[in-house]
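Before anything else, here is the set of structures, which you'll find just below.
Same chain, two partners: subunit A is paired with subunit B first, then with subunit C.
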Partner chain A sequence: MQLGRKKKQTIETVLYTLPAIILVTVMMYIPFVMSGYYSLTEWNGIAKEPVFIGFDNFITLFSKGSDFAKSLIFTARYTVVFMIVANVFALALAVILVKKLRTANILRGIFFVPYIMSMTIVGFIWKFIFSQGFAKMFEMTGLEFLNLSWLGDPKLAFYSVAFVGIWQSVGFYVVLYIAGLQAVPSDVLEAATVDGANGPAKFFRVTLPLLGPSITTCIFMSLTNSLKVFDIILALTKGGPGGSTYSVTLDIYREAFQNNNYGLGAAKSLVFFLIILVLTQLVLKGSRNKEVDI
Partner chain B sequence: MTRKQKKQCKMILLEVIMVILALVYIYPVYLMFINSVKPFGEVVADVIALPKVIEWQNYKDVIDKMNYGKLFLNNVVITTIGIIGIVAFSSATAYILDRRPGKYTRIAHLLVITPMLIPFQTIMITLLKVMNVIHLTGSTWGLGIQYWGFGIPMATFIYCNFMKTIPKEIDESAFIDGASTAKTFTSVIFPLLKSVTATVVVLDVMWIWNDFLLPLLMVNSSPKTKTLVLSAYTFVGQFNTQWHYAMTAMVLAVLPSILFFILLQKNIVEGVVAGAVKG
Partner chain C sequence: MISKTMKKKLLSVLLCTTMISTMLVGCGSKSAETPAAGTTEAGTEADASAADTAGSDEAAEIYMFISSPEYADAINELIAAYQEVKPNVVINYETTQNDYPTLLKAKLNSGECPDIFSSTSGKEIGTYLDYSYNLADQPLAGAMTDSVKSVMMSGDEVHGLSIKGNYFGILYNKGLFEEVGIAEFPQTMADLEAACEKLSAAGYTPFTTGFAEWWVYKHCFQTFLDAAGKDDVEGLVKKFAAGEAKLSDYPEIYDDFFSFIDLAVKYGDAKPLEADLSTEDAAFASGTVGMMLGQGAWVEADILKINPDIQIGFDGYPVNDDAANCKIIGGSDQALRVNKDSKALQPTLDFLNWWYTSDYGKTWFKDVAGVIPPISDAEAPDMEVVKQGSALEASEGTATLSITYSTDSFHQAFGEIMQSYVAGTIDKDAACEQIESKWVELEGAE
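== the complex of A and B ==
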C-alpha cells in the first residue's frame, strides 16, 4: 500500500513536468544540437545531404574581411553605446521622476510608450522622421543638423540606429530604476543628510551603491537586448549603408535564409551563442561583486 | 525668498523642463498619428501641420487592403494559445518542482530553466526544419504552440521563485481533506499564484503580440496566417512612397498595444518590473 502510493507520486511528478520538458526539448535542445551538427557541414537547405567539412565554416567566419567580423564590430560598438547611454539617461530620468512632481505618473507613462510598441514599427516611424520629418523641420528652422543624411551616411547611420534603439527602450530601464530608487530606505538618506552630505554626495555615496541590484538587472538586460538587435535595423536601414549597421543577428539571418548557407549560418549562430554566454556571465559576476548590502 | 519658496520654484522649473522633454520624446508618435489621417498631398506638402480635413478614408482603405480584421484575429489566436499553454505548463511544472524535491526534480528543473541562456538566433535555422517536420509551420495555432517552448523556461523560473514563498502547510491541509494533487493545484495553489500569473501574462502578451522574427520564419508564406506586425512590415515596404497609407498601417499595428497599455498601465509596469527583477 505504502509502496503503491510512492509509485503513484513518482508517476505524478513525471506527468506534471513532462509537457514542459518535451516542449523545451523539441523547440530548444533539438534545434541547438542540430545547429552544432550543421555548423560542421556545408549545406544549402535544399540539396541532398549536408557535406561534412569539419571546422572549415569556423575558419571562413574569422577570415579577414568577412561579413561576420564586420558585423561583430558593429554589434560591439552598438552594445557599448546602447548600454552606457540607455543606463545613464534612464537613471537620470528615474531620479527626477521619483521626486514629487504633479505630472510624474503621466511622464512615466509617456517615456514607457515606445517600449510597448513593436520594434519594427518604431523603426518605420523613425525612418519617416529622419527623411520627411527632418526635411520639413529644416525648411522651417534652418538648423543644419536636420539637413544631414542621418540614414544615408555610414557614420551617421550608426548613431541613428543606436539612438532609435535607445529611444525605444529607455522607458523600460526607467521603470526598473524607479522601482530600485523607491526601495532605498529613506532613513538611510535622512541619516546622510544629518551627517551633512549634500545632494550629489548623497546620490553617489548612498543611493547609487544601494541601487546595486537594479543596476545589475539593467546592465544585464541592456547587454542581452543590444547584442540581439535585429527588428529596428531591418526596418530602418536593412544593415546599410555600405554595411555600416550590419548586426550579427542580421548576418546570421541573411546567411541562412537569403544566401541559403545553412551550415555557415549555423556556425555563426553558435559563435554568437558563446559570445552572449561569456559576456553575460562576466557582466553578472562583475556587477554582483560590486553590490552592497545594508 | 525663503528656502521653501526657492525649493518650490526649483520644482516647478524641473517640472516644466520634464514636460517639454516628454513632449519632444513622444513627438514622433504624435506625427505618426496626425499623418495617418491626412490625404496624400498634405503629407507630402507638410508633415508637421495638423490635418486640414480628417481623412478617414485612409483607414477604410488600409483596413481593406491589409485585411485588418483577419490579422487582428490571427494575433489574438496566436497570443491566446501561447499564453494559456505557457501559464498552464509552467505553473504546474513549478508546483511539482518545488513540492517534490529529489533527484528527478533537480534534473528536470535544470532542463527546463537552462534554455533561457540560448538566444533565439542560435536555434532559428534548425528550428524551422524541426517545425516543418512536426507540421507546426504555416498555421496560427502552430505558431501559438511554438511559443510554449520559448516561454516556458522564463515563466517556470518566475513561478518557481514564487512557489517557495507559499507555505507547504497549505497543500498539506488540502491533502488531509482528501484532495488529489490535481485538485490541490487547481483550486488551492493556482489561485494563490495570481500575482505571478499576472506578471507572466503581461510579459508574454507584450512579447508574443509584437514578436517579429519567429512569425517571419513560420507564418509569412500566406496572407491568411500573417500577424499584424508582419503584415504591417510588408505593407509599409510596398507603400513606402505613399506615406499616408504607411502611417495608417503603422497606427493600426501599434494601436492595440497602446490601448492595452493605457487600460492596464499599472499592471503592465508592475509586471515588467517583477519579471525583470526575478528573471
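== the complex of A and C ==
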C-alpha cells in the first residue's frame, strides 16, 4: 500500500512536469548542446554541412586584436559603471521615496515609467534628444556640453549609452529597494535612536545591513542585466561610432547573423556563458555571506 | 470527499496527457501532412479552372519570398496582371521588412527553398550557387542591361535578375551652385575644393555626409576603388581579399580617397558621426547644403517630399586630377534568384520572362514601380537623378558597382574603421592596416 502510493506520487510528479521539461529541453538544452557542437565547426548558416575544425574558433577568439576582446572590455566597463551608479542612485531615491513626502506615490510612478517602456523606444527617444533636442537647447542656452557630439564621439558614446541604460532601469531597482526598506522593522530603528545614533549612523549601521537580501537581489539583477546589454545599444548607436560601443552580445549577433560565422558566434557565446556563470556565482556567494539576520 | 479529490486528480492527469500528446502530434505531423494538403489544394484548383476556362496551361503554385518590401505594392500589381494572362498560376508573394537573410537561411535549412528568393548581387551570387538556377539561356537574360547583368554573373552563367537598376553618385543643389557662380559640377579634386570654398564663403555648408551610416562609406569608396582597379576591379578586390595587395600601393585609394574624406569632414556637417540618412535628407532638402554624399536615385523622392522646389543635380565623385575618373556608378545591388530544384521551375521561369519581355512588364518599371528599368528596352521614370544618370551613362559610361564584389560584412567593418578615422581615434595608416586585415579575415576564406 505504502509502496504503491509512493510509486503513484513519483509517476504524478513526472507526469506533471513533463510538458515543461519537454518544452525547456527543446527550446533550451538541445540548442545549447547543438551550439556546443557548432562552436567546433566552420558554418555560414547556409551551407548544408558544417565543417568540423576543432578548437580553431576558440583560438581565433583569443588571438591578438580580436573584436571579442574589445567587446569584453566594453561590457566589463559598462557592467561596473551600471552596477555602481544604478544601485547607489536607486538606493538613494528609495530612501527619499519612503519618507512621508506628499508626492511620494507620483514620484515612484514617474521613476518606474521608463522601465515599462520598450528599450528600443527608449533608445530612439534618447537618440532624438541627443541630436535634435540637445542642438535646440544649445541654441537657447549656449551651454557648451550640449554642443558635444554625445553619440558621435567614440569616448562620449560610452557614457551616453550607460546613462540611458541606467535611466531606463533605475526605477526597477528603486521598487526593489523600497520593498526592502519598508521591511526594516521600526522597533530596531527606534532602539537605535534611544541608543543615541544619529541619522547617518542609523542608516549605515542598522538599515543598510538589514537591507542585505534586497542588495543581493539588486546587485545580482544589475550584474546579469548589464552583462546582457543589447537592445539599448542597437537602438542608440548600433555599436558605433567606429565600433566603439560593441557589447559582447551585440558582437555575437554581428558575428553570427551579419558576418555569417555561426561557428565563431557559437564559440563566442559559449565563452561568454562561462564568464557569466563564474561571475554570477562569485557575486552571489560574496553578497550572501555579508547578509545579516535579526 | 475522496471521490472529489480523485476526480480532480484524474482531470489533471488527463490534462497532462492531452498536452503531451498534442505536443508530440504537433511536432510529428508536419512532414506527413503538408504534401498531402498541397496536392489536394492544387487538385481542386485545377478542377475549377479546367471547368471554367480554356486555359491549356497546367496549374502551378509559385512561392516568392524576397526582400525589398518597398516594392510590395508594385509587385502585387505585377502579380495581379499576370493572373489575367495565366489564371492557373498562383503566386504566393511574401516579403519582410528586416532580417531577410536570417529568415531565408532558416527556410533553406529546413528544406523549403522558395521558388524565387533574393540575395545581394556580385559576391553573394556565388554564395547561393547550390540553390540557384542558371538563367543565361532565358529570354530575360537578353533583355537585361549590361550594367545589371555584369553583377549577376558567375563565370558565364547568369544567376539573378533585378527589380530595378540603380545609380550611385553625388546629388548636388543646382540652384546653390549657380548662385555662387559654379557653372558645371567639378570633375577634378582641385575644382571640388574650390567649389567647397566658394560655397562656404557664401555661408552654405558644402557637404552633408551621412557618416553615421556604415553603408555611406562603401558608396563613396567604390568610385575610388574603380579608379584604382582600372579594367579589372574584381581582380583587384580578390587580391585585397587574398592579402596580396596593399592599399598604400594605390594612390587613388591611399591618397585620393582619404583626402576626399578629409575634405568632406572639413566642409561637412558639424557632427559628422551623428549624421544619418534622415539627417542628410533634411539637411539637403533645407536648401543650405551644396552636396549630398553616399546616396543615389533612391533619395530623390524623399527630398522632393520635404522640398518640392529644389533643383537636384547628379554627378559622379571627383577622384583626382583626371576628370575621366569622375563617373556615376550604375547597376543593381539586389538580385532575385530562381530555385533550381523548384517543383514549379518552368512556370516560375515563364513568369519572370513575361515580366522582363512582355509589353506590360516593360512599362511596369516606369509606371507602376517608378524605378530605373533593369532592362534596356524600356522607358525610365521621370526623375532628375535618373534622367541625368542615363544621360551621363550614354555620354561617358558608368563605373562598375564594385561594392558587390565584397559582402556587407566587410563593408560594415570598413564603415566602422572609417568612422574611427573620421573621429580621429586612428590615423590613415592604422585605418589602411585594419581595412586590409578585415578584407582578408571576412572575405578571404571562401
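Some observations on this one:
Methods note: the second predicted complex is superposed on the first by the 281 of 294 C-alpha atoms of A that agree within 3 Å, B and C clash if a C-alpha of one lies under 4 Å from a C-alpha of the other, contacts with A are read in each partner's own complex, and residues count from 1 in each chain.
The definition used in the following text is that contacts are C-beta pairs under 8 Å (C-beta built on N, C-alpha and C of every residue); 3 or more make two chains touch, one makes a residue touch a chain.
Only a predicted model underlies this, so the values are computations on that prediction, with no experimental measurement involved.
Once chain A of one complex is fitted onto chain A of the other, the partner contacts of A:111 are limited to subunit B, with no touch recorded for subunit C. Contacts of A:6 after superposition: neither subunit B nor subunit C is touched. When the two structures are aligned on the shared chain, A:285 is found in touch with neither subunit B nor subunit C. When the two complexes are overlaid on their common chain A, residue A:133 makes contact with subunit B while staying clear of subunit C.
In the superposition on chain A, the chain among subunit B and subunit C reaching more residues of subunit A is B. Once chain A of one complex is fitted onto chain A of the other, the partner contacts of A:249 are limited to subunit B, with no touch recorded for subunit C. When the two complexes are overlaid on their common chain A, residue A:101 makes contact with subunit B while staying clear of subunit C. In the superposed pair of complexes, A:240 makes contact with subunit C only, with no contact to subunit B. When both complexes are overlaid on chain A, the residue A:24 reaches subunit B alone and has no touch with subunit C.
Residues 12, 16, 19, 23, 257 of subunit A lie in contact with subunit B in one complex and with subunit C in the other.
The residues of subunit A lying in touch with subunit C in their complex are 12, 15-16, 18-19, 22-23, 42, 44-48, 65, 130-131, 149, 151-154, 239-244, 254, 257-260. Contact residues on subunit A toward subunit B in their complex (touch as defined above): 9-10, 12-14, 16-17, 19-21, 23-32, 34-35, 38, 96-97, 99-103, 106-114, 116-121, 124-126, 128-129, 132-133, 136-137, 140, 167, 172, 175-176, 179, 213, 217, 221, 224, 227-228, 230-231, 234-235, 248-249, 252-253, 256-257, 262, 265-266, 269-270, 272-273, 276-277, 280.
Interface residues of subunit C facing subunit A in the complex, by the touch rule stated above, are 9, 12-13, 16-17, 19-20, 23, 99, 101-102, 105, 108-109, 127-128, 130, 212, 214, 271-274, 279, 407-409, 412-413, 416-423, 425-426, 437, 442, 445. Those residues of subunit B that touch subunit A in the shared complex are 11, 14-15, 18-19, 22, 25-26, 28-29, 31-32, 35, 43, 46-48, 89-90, 92-93, 95-97, 100, 102, 104-105, 108, 111-112, 115, 117-127, 129-130, 134, 146, 148-150, 152-153, 156, 181, 206, 209-210, 212-213, 217, 229, 232-233, 236, 243, 246-247, 250, 253-254, 257-258, 260-261, 265, 268-269, 272-273, 276-277.
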